[in-house]
Each structure stands twice: as C-alpha cells, then as structure tokens.
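Here's the structure we're looking at; comments come further down.
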Amino acid sequence: MRSAATTTTEPLELERDHAHHLLREMLRIRRFEEKAAELYSLGKIRGFLHLYIGEEAVAVGAMQCLTPDDAIVATYRDHGQALARGLDAGSLMAEMFGKTSGCSRGRGGSMHFFAASQRFYGGYAIVAGGLPIAGGLALADSMQGRKRVTACFFGDGAVVEGEFHETLNLAALWRLPVLFLCENNLYAMGTAIERALARTDVAARAESYGVPAEAVDGMNVVAVEQAVRRAADAVRRGEGPHLVELKTYRFRAHSMADPDLYRTKEEIEQWKTRDPILLFIERLKTAELLDDAELERLERTVAAELDEAVAFAEAGSWEPVEDLTTDVYAEPAP
Amino acid sequence: MTRDEIREAVVRCLCEVAPEVDPAQLKHDVSFRDQLDVDSMDLLNFVIAMHEQLHVDIPESEYPRLGTVDLLVDYIAERLPAADSLAGA
Amino acid sequence: MAEFVMPALGADMSAGTLLAWRKEPGDTVARGDIIAEVHTDKADIEVEVFSSGVIEKLLVEPGTLVPTGTPLALIREDGAAAEAVPAAAPAAPPPAAPAAPPPPPHLLISPSAKQLATELGVDPATITGSGPGGRIQRKDVEAAAARAAPPTPAAPPAPAAAEDAQAAMRRAIAAAMSRSKREIPHVYLSTTIDLTQATRWLADENAARAVPDRLLQGVLLIKAVALALREFPDLNARWQGEQAVAGERINVGVAISLRGGGLVAPAIHDTDTLTLDELMHRFRDLVMRARAFSLRSAEMSDPTITVTSIGERGVEAIYPIIVPPQVAIVGFGRIVERPWIHEGQLLACPVVTATVSIDHRVADGHRGSAFLVAIDQRLQEPEEL
Amino acid sequence: MTATTYREAVRAGLREALTSDERVFLMGEDVGRYGGAFAVSMGLLEEFGPERVRDTPLCESAFVGAGIGAALAGMRPIVEVMTINFSLLALDQVVNNAATIRYMSGGQFEIPLVVRMATGGGRQLAAQHAHSLEAWYAHVPGIKSVAPATVGDARGMLLAALEDPNPVFIFEHATLYPLEGELDEAAAVDIERAAVRREGADVTLVTYGGSLWKCLEAAEQLAAEGVEAEVIDLRVLRPLDLDAVLASVARTHRAVIVDEGWRTGSLAGEVSAQIMERGFDSLDWPVQRVCSAEVPVPYPKHLEDAALPSVERDVATVRETLG
C-alpha cells in the first residue's frame, strides 16, 4: 500500500483555471451547507440534516476523476457529492424544502438526493445500504461490456457493517468495476473509529479482500484528485475494484440535534487549522495562482448561485396530496 | 224456493265471502257493503256464488241497484221461474 | 433589524429553553458566532447566530421555555435587511362533533340475516335466533317469513295466533315503510286517465262471458302497468347496495288488504306475459291465499314493482310509499264519473287518478311521467291488453 | 399441453427467459454447478454459461442488492434466494432499497427485478427451515408478491413477473416442486387476479400457495357431506385481489381463510378485515381463519402436522360456520 499523501507544502503544479474550479466547487459546498444550517434553524428545512463542512476536498477532488457516464452511489451526507457531481443547487435546496421542484420531487429530502440524468443513484440512510447497489450497477456494466466506473461513497461507520464485507468480497470475486471511496472522518455519529474498528486502517482491510487500496489526506484536494484518479483509471482499465481511504474530518456535529459531546473542542479547533478551503487558498496565493480580487469574485458568484437556489426553493410548490400514491409502482410499457 | 230460502241462501253466500260477518247482526235493509268489508273481488265472488247456488246471473249494470239483502231477495224471487217448483224438483 | 430566533434543533423539537446568553446588548457578532446556549429534550446546545451586526436587545430571560421560531434577540445588522419570519397561524379548534344519536338496542343478528329481514319485510325483533348465543341467521329469517304466511290451507289462523301474526305483520310493514321513507328519495307524479274505452270494453266483454269468467277492472289496470313496464326496465328493478339492479322478469306485486287490517303485496310472476284470463285467475288465487295466510316465500320476495288500488269505495287518489328494495310503485284511486272534454264535446266519463312514486336515485320525474303516459295509452286500447 | 412437474415448469420458464432476452440472468446460491437447492436450475449453467447463471457466495444482502443495482442499470435479473428463511438477511435491501427507490426519487427509476425463494414447512426441517413469512413481503408497498400454487402458474407467473417493471417476489412452497400437472404453454397468465379453483355455493375457502391442495382435498370431503365449498386461490399477495372473494361470499355468506403463516399478523388477518369492511352485509357467520399455531415449527412429524394448517382443521372449521 503506497502512501501518496502529498504534503500541502510541496510546490503546486496546477493550471490556474483548474485551481479556481476546485476552489469554487469547495466554496459552493461550504456556503450551501452554511445556508442549509440557517434555514434548518428557521424551520424551513425539517427532519435530519447532515452537513459536509470540512470534507469538501473529498467530494470535489474525487468528482474530477469521474465522467458523466460513470455512476455515483452516496450516503445520507450527500450534499457535497450532489453539488460536485453537478446537480442543480436550486433543485437540492427545493428538495430539502420538500418541494416538487426538488431533485427527488420533494419525496426524499436531504438524505435522499437522486438524479437519473447524472446517474446519481441516491443518498442512502441505512449505513452501508448503498454498497450492494453499487455492486449491482457495476455488475450490469461488466456483463454488458461497458467501460465505466461506479463510484461508491461511504463512511468509516460502514466499514464494520456486514454489507461492506459481503460487497467487497463479491466485487473482488467477480472483478466488478467499483471504486470504493471511504470518507474516514473518524466518527460514526457518536462513536470514534478506534472504539468501533478493531483495526482502524481501512485501506489494509480492503487488501484482505484482494482489493487494491490507498489512503490519502482528505483535506488536500489536489492529493485527493491524484489518488482517486489513479484508482478510477485502474478500475476503468478493468483491473477490478479499488478502494481509496480519504482521511478527513467534519467540522460540524453529526446532525443538527447532536450536542457533539463525544469529541473535545480542542480536537475540532486543531482540525479546523487544516480547513481544506483555507489550506488550498493559502497554497494558491503562495503559488500566485489566486489573488484577493479573484477570491472575492468567486465568493460573489457562489453567493449569487446560493441566493437563486433559495429563491427557487421558496417559489417551489408542494406536491398535491392527491398524488400521494403515484410512483409506488412503475406502469408497464403500453 | 220460498223467499225465506232465497234470503237464507243470499246470507250464506255473503258469509262465504266475508267470513268474519255475524249473520245475526246483519241488517237486511241497509247496504251490506257499508256493513261488511267487501271489495270488488269479494262482490264478484259473491255474485259467482249466487250464480252457482241459485242459478241466477246478476248483470254488472244491476250491481249498484242491488245493495241490500232485501233488494237482492226481491230481484232473485222475480227471476226464479216459480219460487216453489224449485223446492219440489 | 434582524431577529435571532429560537432555532429548530432536530426533527422532533418544537420548543426550547434559553439557558444562558453568551453575548450582551452592544456586543458585535459575526455570522457563526455562538450567541446563546439552549436546552432541548436531548441536550444543551450552543447556538450560532446567522447574521452579523450589533446586538440591539435581548428579548427573553434565561430559563424561559419558548416555541421554536420565537424571536430571542434583535440584531442591528451592518447593512442587510432582516428576513421576515413567517409566524405559524394557530390551527382553528376542530368543530365539536354533533352528539351521536343513542345506539339502537343491540339485536344479535348476522348482517346477511338483517339484510334479508329487511327485504322480506320481516321484523327481526320477532325472531329467536338459532345461532350461538341466540344469534339470528338467514335460515331463521326465511322461516319467519314463511311463518308470516303460515302454510295452513284456507283455515283462518286461531284468533290468538292471528293476533300474533297481525302484530308481527304490522311491525314488519312499519319497519319497511320507515326504512323506505328514510332511504328512498321519493318523487310523486299523478295523472287522470279517461277509462271510457276500457269501461265500455269491459262491460261488453263481461256481458258476453259466463259469470265465473267475469274480469275485474283491476286486472286491466295491472296488465296495463305490466306492459308499460317493458319500456321502463329501470323502474322494474331492485336497489342493492349502491345501485339498482334491473329485474330479469316483470313481477307485479299486487297490494291486497287483509281482513281486519294489514296489507301484503305478493308478486304475480311474469305479469306482462299473462292473458287477462290467466291474470284474473292468478289475482283471485293470490287474494284468497293472502287472506288465508298461505303465501309462498318467493311470492313475498320477488315483486319488481307494486300496484295498489283504493278500490271503488275509497278516495280518488293515493300517493303510495315504495316497497324496498323496489324502486317504483303505482297507485289507482276510485274510478269516478267526471265532466270530460272529448273531441271538443263535454261528456260525463269514467276516469281514474293514477299515481306513481319513483326512487329519485334511479330515475327522475320525467321518467315517471313518461311511464304514467305509457300506462294511459295502454288503457285506451283495452282490446290489446 | 404437456404433463410435467412444478419444478420443471419453473425451469422451463427460466430457460425461455434466458433464451429470449439477453438482459435476463440468474443469480443465487448453488444455482449453477449444484443445479439449485431444489434442482430447479439443473442444466442451465451448462446451457447458458457462468456469466448468465451465476453461483454467488453466501452474501444474501450483497447479491439481492446487486440484483437491484443491475436492474437499475437495465438488466433483468432473476435472483434465487434459496429459502425465505435466509431471505431475512437481505430484508434491508428489499424494504429500504427495492421498495423505496422509485417513490423516493420521485419516479425517476424502474427496478425490473424478480426474486424467487422457496417457502413453508411440512418437511420436518424444524423451526429455522420452515418459515412462512410471505405476509412480511406482502406488507410492503413498492414491491409485488405472488404465490404460484399450480404447475401453470409456476412457469406463467415467472414470465409475467419478468415483464413487470417493478420488483416482483415469487414464493414457491417447498412441498410443491414434485407436484405433477398439465402445463399449457399458450395459456395467458397474469400476476393480478385471484382464481376460483373449485365452484361451490355453501362456503368460500380462501387460500394461496401450498395450502391450496389441502383446501381442495377438504372441499372433496365436505362435498361427501353435501356441503359445496368454493375454493379461491389468491395467487397474488400484493396487490391483493378481493373481488373474486367478495363475489363468492356474497353467494355463500361464509368465509374460511387458510394460511400457513402464524395467525397473529397473518395475511389471513388482512383478507378477513377486507371481507368485513367490504362484504359485511353478506356475512351470515364470522370470518374464520385456519393458520399455523403460534409456535416455532417443531421437528417431530406429529407435532409439525398439528402446528400447520391441515385438511382436518379446514373441514372442522367449515362445519362450524354452518352453525
């Protein structure tokens, strides 16, 4: 297992446009999540809300390595993946408002974003519930000879679920084109990883199934992109499933009602010093790939997109109760 | 048949049609339809009974005129060929 | 001026207690700063502020429980206008439900048996059930219906039994009639029918017949109704569940008054196919057996329509109640002599007032009126009856 | 018409599906080299190859979930879960994914998946191999559940299920595989309607799956006593088709439901409730149920026979309703 954690101090070989694209995508997620928290406290967003603040580099870095034809399976913390994959911010906000203009027509809410056109096969609220689905999507591709990747995001909590074991074994056995992306943010809700995993090295686990794996600093968007690209290209070449463990951290509580007592303030503050966005801005400025004016303009475009998204969600309409029972079943083709 | 025999026959036919009637209470000079619950079916059955027992046919047109037992007895008495010959035959 | 409101923290939180303020009026705050600590059912949570500016005024004292969305503090924002927080309209109290009518005394009877009892006009209260715990079953109702017309030939029932049967019948009629009035939206129509043709034809016919073969006027009326009904299958029907089911045959129920009160309306089967002579014979037989309490169960439950007549000693018109589950009933008043314009000439003619009551769930007044007109036309050609 | 068995009828359905549609493939434990735990897929591996007849590791959640994913991506998978007892390991994929993805995504996805599994007791395999849990599946909107009880339905329902764009779960009672019968390949078979298997005017026997043949035998015994029982095979457990049942009860005024599930929370309970709600006025006797005793299925034969619905219990219950 090679450790490819590119330290944040190495000189940066990055084109200016791509750098700005990565930064803008991370800012889009950060501001979107901040606004979601505000709207939740105002009662506009209800139910559960799991914020991606602190993990932006993972979704943004990984998504650069996937084509529109690849498939995505995510978890209930799916706002970052959905935005980075290109789902319209307005449709995501509307979905959290429960409006029919939402990406799942208001039926799923924050934990269940779906978009068939972007092959975004959803957020899953059952820990590791999405892994077998990803296995099936890849099985179909391999049986029909299609050279594409199914990227499956999951957290450190899923690693000890039975479905992780069953799916990795089946994928390795049948050489299924699945890219397993483990967002290891060190906590499964309130249980720290070392209190749940007998061996906390996720990458090592994958090796035991014959699935090549790599761990990478999930706070370094460039390192994430490089590591995920290596794995994605191998999968696309038909070398079977690969796993990347992205070591990251969430700056907010598990969800809005979580008093976050299971970790210390110091630990959180310490991790905040490695905020993936601030780190990246610093590196771009030292490499003169970004100046304050450009950053200001990026923030304004992100803010404008966000205001539009909220207005779109506010303007959306509720699904009529008469439609309650539609789409429980699909009608057979005439 | 004497007038009394005709009267007795008429009352007997009436009782067949209206079993709840008490012959002793029946007034012969007052319309029997006012005294008994006799509808058009009962009246027809009564006329048929008299046809079968007294061999006299009362035309429908005469119904209104023959409302009491007395009137009926007079009517039948006139029609029967000879009141007594019947008794002898 | 921006409001800092009690935030909704978690799916099932509707209110929270302000534990402590972390800022004082006059402090400047930036978006994301911790402004207060709030107690929820699950835990105490530090709460961030979403607007930046200077705290103007604290509206709520620590230790007070307030619903989510309640303004807790006012913040003079640097520049941006505060977002209006929509106040949730209090839900109107539900209207008080009308007091339910007291439940009828509980009679142990199976639903199917109750249904049959209504159809046969048998009062369940008069029946003792053979089922467990005395529950009344279909076979008990069928037996009772047959009993209501005991099979003893001709011999009138003993007075006590008659009394009993009389009371049972009265109750059965009461139940059927009140149910009819309750459930069936009646529409009533009437017309005066000129019986000159019919009366003249009948007088000539009877004059030519032997006394025992004489026909009654009622027979002509029944046959006219039966023939007219052929063009009105929707009125020749039985109401079952939520809709009328057309009868395959035309069975006219003929209302027969019984000695000492009470009424039954047994059916003459296939009335429209009978000749006048056959109809007269069936009619006389029915009257005799009804008055001798020896009707058959099928005759009781098969009529698809009922005809009732006041007879020649009653009033001029009757507006009858439909016999459930039928959907129509025809009534004839007394035949009377009336001034009548006949081709411009004023004549004295025998006329009768004919009425029909229609179940408005099945057909409307126009239909009923057309039906009466059809009966009138039939009676103008007595020789065709 | 060809004389065959229930097992061969299912195999015929599998072979026709694999031959006519290359999107179709069979996946499950020991369906390939071993030929299927109940020998249903015997010979199919040799005929269609390992890509389309796939033996799986023992990972019910993974391969049922893989079936859902493959269906999402355009395949027409037939997943064989050896028995309903092991299907419990895959219930999360069934209830939280197969049944919900279409609705929760606002109608964006179809999941044309067929899952077959053996069910029921009566073979002395004790509690962990004798469950009848069809009611658990029939409880879940978003999937369909069917119970082929005849040779014709064994083949026909499989082919109809493959035509359906929704997940369809097929429960094959384990005692039915050797059942002999006539197979009419031309007959149209649906997965919507119940069927009247025997006409009768005195009582309505409602059942499905393995219990059908006990009910038909009970009906013959009752006929000898002059009681004509109408036997209705539900065939489809969701969506339930009660029209045939209600029409029958409207004539017979009596209903007895025979269901191998445990009485409490059984499918029979649901059918009884619907008869009461929609056919109340037809009832001359309370609806009766003949279900499994509320015990884990015992191993010894005399106890297992006492626990499961039997012809004797069916007949006795019908007699009781004639009150």
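Each chain carries a letter (A, B, C and D) given by its place in the written order, and its residues are counted from 1.
Basically, a residue touches a chain if its C-beta (ideal position, glycine included) is under 8 Å from a C-beta of that chain, and two chains touch if they have at least 3 such contacts.
Owing to the predicted nature of the structure, the values given are computational and were not obtained by experimental measurement.
Centroid distances from chain B, each centroid being the mean of CA atoms, peak for A. Annotation: B-C is the more contact-rich of the chain pairs B-C and C-D, by number of C-beta pairs in contact. Chain B and chain C have centres, each the mean of its CA atoms, that are 50 Å apart.
Note: centroid distance chain B to chain D, computed from Cα atoms, is 81 Å. Averaging Cα coordinates per chain places chain A and chain B 111 Å apart. Put simply, the C-alpha centre of chain C and that of chain D have 42 angstrom between them. Interchain contacts (touch definition given at top) occur between A-C, A-D, B-C, C-D. For chain A in complex with chain D, the residues that touch the partner chain are 71, 100, 102, 104-108, 112, 114-116, 121-122, 124-126, 129, 131-141, 143-144, 162-163, 165-167, 169-170, 173-174, 326-333. Every residue of chain D that touches chain A in the complex is listed here, in rising order: 25, 51, 54, 56-57, 59, 61-75, 77, 92-93, 96-97, 101-110, 141-142, 144, 163-166. On chain A, the positions that touch chain C within their shared complex are 34, 37-38, 40-43, 46-48, 255-257, 259, 261. In the complex of the two chains, the chain C residues touching chain A come out as 5, 7-11, 13, 31-32, 40, 42-45, 47-48, 50, 68-69, 83, 85.
Against chain B, the residues of chain C that register as touching in their complex are 156, 203, 206-207, 211-212, 214, 216-218, 257, 259-260, 283-284, 287, 311-313.
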